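Each of the next two complexes has chain A plus one other chain: chain B in the first, chain C in the second.
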Partner chain A sequence: MTEFLIYLATTGGIAAMLALSLNLQYGLAGLVNLGQIAFFMIGGYVSAIIVMLGGQTIAIGILGGTVAAALFGILMALPTARLRQDYWAISTLAAAEIVRLFFLNTAFGSPYFGQAFGIDGIPQPYRRAFTEAGLTTSNYNLFYLGLVLVSLLAIFLILRWLAGTPFGRTLKAIREGDHVPLALGKKVSGFRLRAMAIGGAVGGFAGALFAHYNAFINPEYFVPIETFIIWAMVILGGAGNFLGAVVGTVIITTIYNSTRFIASFASQRDLELTPIIGFIFEPRVLGPLRMVLIGLMILLVILYLPRGLVPERRRRYGR
Partner chain B sequence: MKHRLRATALLAGTAMAVAFGAGSASAQQAVKIGMFTPLTGASSVVGLDMQRGVELAIARINAGFDVPMQDGTTLTVGPGLLGAPINLIVEDDESRPQAAMDAARKLVEVDGVAVLIGEYSSGRTQPVGQYANENQVVHISIGANAESLRDIGPYFFDAIALAGLQGPQLIAMAQAAIGDVDTFGTIFPNNPYGVGMEIATCAAAAAIGIECVSTIRYEEQKTDYRPELNQLTAPQPDAVAFFAYGADATLILRQAFELGVDAAGTWFGAEVSNWVADVAAIPEVAEGIRGVEHAVAGELYETQYRAAYVDAYGEEPLTVFGAFGYDAAMLAALAINAAGSTDSDAIRQAMHEVSQTYLGITGNLAFDEDGMRMFQDYGEFIYTNGELVPYVAE
Partner chain C sequence: MAAEPLLQVRDVARRFGGIVALDGVSLDVPAGIVFGLIGPNGSGKTTLLNIITGFVRADRGTVSFDGRPIRGLPSYRIARLGLSRTFQSSRCPQRMTVMENMLLAAANQSGESLGAAILQFRRVRAEERANLERAREILATVNLAAKVDELAGNLSGGQKKLLSLAQALMSEPKLILLDEPVAGVNPILVQEIGSVIRSLCDAGRNFLIVEHNMSFIRATCDRVAVLDTGRLIAEGEPDEVLARENVLRAYLARPTAEAPA
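Showing the complex of A and B:
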């Protein structure tokens, strides 16, 4: 059980980085990015390619993946920075699909490296050192969890600090509409561009960490539904609040995986199940039930807690 | 009603055995076998069929069963394994790779299964296979057959032959059916299976001087395939190799029919049983299409699997993959039985041994040194009057 919890915490931590990245773009700057998963994909693929084909170290790979995703964020923002929010959202969705289709149709060296096959056998940082030192896979998983949590904490603190700087306050002003920042002489498109670059870097870093943890990636991991799961985390937790994004991630990850234990919990305790409850416990029903539960929670939050479970603290100035 | 009662009885028995470890043995003593399968999402029909196949095998071992061997004898296994019933734990992987990994990790790390069984998609099987190998857990794939699976590692086994074997079969069938074939076209889904099939088919074609003039990889779940069909037919290939299932199959075959493509004359499908149920409402669009399918039909399949399946579930097997699931579960049970323990290395070694002697309902399951199934019989079929029937070239 401990191993599984470590795994969930690790993947949840990586998802939380993506949620933080989206929170910077949407929660702070009001940028409706429906292509968030593209950063994740670019980070993972570029890092794997740099390490496996370029022969570079994993640290350089992760750095490369982070920079590439940041550059893609800029690339995505450059032609669209002047678009209205709805058009902007559609363009980000399209951009993410272009990235996915690029990797889906591109082989790197061999027909079985890249394309639909994805990339397998991606090296894991310090894995050999752990093996040589006689340490177990459990030890390594614990190490990776530590790496993810430290990274998550660092990203959280940096982004929260950033939100309090003049840059962050300008992003919040842009979120409320372009008129005020324009009246103050701020170049809105430049701020959006920087928000996308930082968001892209965080998303790319998360993608690189995921690729080296999972040791395998293929385009199936990066379909649009994954972006919407990240959105669910941010909306549920509370857009604009970085702590809310993390809380939302924890809740969604918990719902996703806790339902797997309901049936075995019931059977272990010899619970008398009615036919209807027994039907719900069937694995083929529990799957969709997760999404129903998540959808229901989002509806309830939107209706009764429109600012999320951990709302953004808005400073009130003198009236 | 009779079928339903039997199905309910068998399912209830299986469920009881699964949930409570049937009989007096405690849950701790039960040998645990884990299965991850797509019960929701795009592959849910195949996933359910695989689950049923595995359940049938486990129910038989739990009741005690004379397993057929290749030398004509039988080996009595059970009731149960190692003195306790098998506890089958099934997890839905939602047809998503991340959910497949979640399910597999839960089965290994929480449930502590001795053997992991699944899946059908190569993209979901590959990462789980890597994980299982790293953690030294025996993993048997049921229906995944991309060539890249060969390199996963010593704890990975595949109960279905890799896709490459179907390529030469399709080329040979086309040549026998329409004679002089100089050019080939392919239309496969852009996934590991489809791309693997395209590579295997065109490599087999090139080996005998046939040129692949159009190679179309289509995106799944689109609402219009006419551009792909026009690209496919533009160079006027003499024959076409194709694969589709689900709503994609219905749409591709219907639009090909509407565009006047001579599918009955020139198209040769891989694993053709995948779309039979999907075109049931419009059988005319697929009338006359020929192709190959894993040859699972035979006396053993009929008596040991199909009849029991119909008895238990009140309907014909949904796909061929349930039968591969049955064989995968039988191999797992035989290997644990032969190993005499749930030790991974002992099961891994026993897997190679039992694969050489077990007579599967899908044929000879002998593994090579990489754990890949070496032999696979393919049958040739033609779709006519709403059903697939064996095809013999005139």
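Showing the complex of A and C:
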């Protein structure tokens, strides 16, 4: 049980990085990026390839994955700079699918490296040191959780600071349309490009951390629904507030994984259940039911708390 | 030799499909005055403003500002040359506060570059402090000092117009283009906006104003030009121009046009 909670916290921490990245793009700059998962995928794949095929250290792999995803963010923003918001959103969805299909159909070196097989046996940082010191897998997982949480805190602080700079302020203006910033001399396309590059870097970094934690990645992990779960985190938490993105991640991750607890709880207690409740507790029903629950929560938030659980804060200048 | 006009428009034309929005308009806006541009709905006033500020491309003609040709430049570059504009429907970001709107409008902010924001944060902070002071002064002149932390979206229609004007002032422009600064504003605030513009002009600011409110034009503008169906039909002192027969006809011949007050 503790092992599972540590696993949950680690993957949740990684997901929170993605939510922070999306919050920078959508919450601050108003960029409806429906291809957020592409950054995550590129970060993971590029890092794994650099380390396993390029023979580089894991640190260089993670850096490479981060830079590659940032460059992909720029690549996504460049040809689409003149598109209207709705068309732009569709183009990002398409871009992410192109990335996934590229990795699904490309083998790297051997036919069992890449394609539908994914990449297996991705090395974990300092793993051998832990084994040599006689420490257990549990110890290692705890170490990795610490690594993820420290990175998450750093990303959170950096992005929140960035939002308060003149750069972040201009992003906030762009979120409500191009005309006013343009008339005030802001090169809007340049700001969008930089928001995509930073968002890409954060997403790619998270992807690399995930790949080296999970030791296995596969194109199936990066389907469009994953992007929508990140969106659910940001909308629920409160777009425009970085703390909100983290809160949303905690809630969505909990719901997403709660079915395992409920199922085991029900089976352990051997409860006398009415047919209807018993039906709900069957795993085949519980699985899809959690998506229904997330959908319902999103609806309720949009209707009754349109600014999310942790609304965007106003910076005060009055004296 | 006469001083070169601040803004010079020469033979500018623009069609939208089969509609001729502007049909060879030439206009000189000198420095030191409030220049009014009027005309019935659909006469091409906003199109002309959009062409001058780079939001719409002209089919032909030239536009120069402060002695530099600016036609074809992207709008953000034109703004950086010192030509600031407002929009008809005051689109200033609604989910930002009044002060954030003001700080946004300051020109040449080094903190907008990521490198400077990270490496030169002292300089960025000093700039912010200076901009904050200037923003407070400007907000005081347009009577918005009490609304510093209010979201722009919560302001009244007239206050939004004032915020747009204050934003335009914040960038220290050489010429301010106001698109309908008093449309939909109550009469008392109209007078107030007029007197703010007059005193800013006396303090050395230059204005080009597009407006329908004739009494506002009379009271505020030193010179006025009249557009009708994409052509300039009159130019001169407001009282004299607004009494001309062809100007009256342009306004009165259309059932929907406002009569000169």
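We adopt the following convention: the second predicted complex is superposed on the first by the 307 of 319 C-alpha atoms of A that agree within 3 Å, B and C clash if a C-alpha of one lies under 4 Å from a C-alpha of the other, contacts with A are read in each partner's own complex, and residues count from 1 in each chain.
Operating definition for what follows: contacts are C-beta pairs under 8 Å (C-beta built on N, C-alpha and C of every residue); 3 or more make two chains touch, one makes a residue touch a chain.
Only a predicted model underlies this, so the values are computations on that prediction, with no experimental measurement involved.
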More chain A residues in contact - chain B or chain C: B
Touching partner for A:Leu305 - first (chain B), second (chain C), both, neither: neither
First, second, both or neither for A:Pro166, with chain B first and chain C second: second
Which superposed partner A:Val180 touches (first chain B, second chain C, both, neither): second
First, second, both or neither for A:Ala154, with chain B first and chain C second: neither
Touching partner for A:Asp120 - first (chain B), second (chain C), both, neither: first
Partner chain(s) touched by A:Ala59 [first = chain B, second = chain C, both, neither]: neither
Chain B versus chain C as contact partner of A:Tyr221, first or second or both or neither: first
Touching residues (chain side chain A, partner chain C) in the complex: 162, 165-167, 169-170, 172-173, 175-177, 179-188, 191, 194, 198, 240, 312, 314-318
Residues of chain A defined as touching chain B within the complex: 1, 3-4, 7-8, 11, 101, 104-105, 111-112, 115-118, 120-121, 137, 214-216, 218, 220-221, 225-226, 256-257, 260-261, 264, 267-268, 270, 283-284, 286-288
Of all residues in chain C, those that touch chain A in their complex: 53, 55, 74-77, 79-80, 84-87, 91-97, 99-101, 103-105, 107, 109-114, 117, 124, 127-128, 132, 148-149, 151, 167, 171
Complex interface listing, chain B residues touching chain A: 19-20, 27, 39-41, 44, 47-48, 89-92, 94, 96-99, 101-103, 105-106, 109-111, 122-124, 126-127, 130-131, 134-135, 146-148, 151, 190-192, 194-196, 199, 217, 219
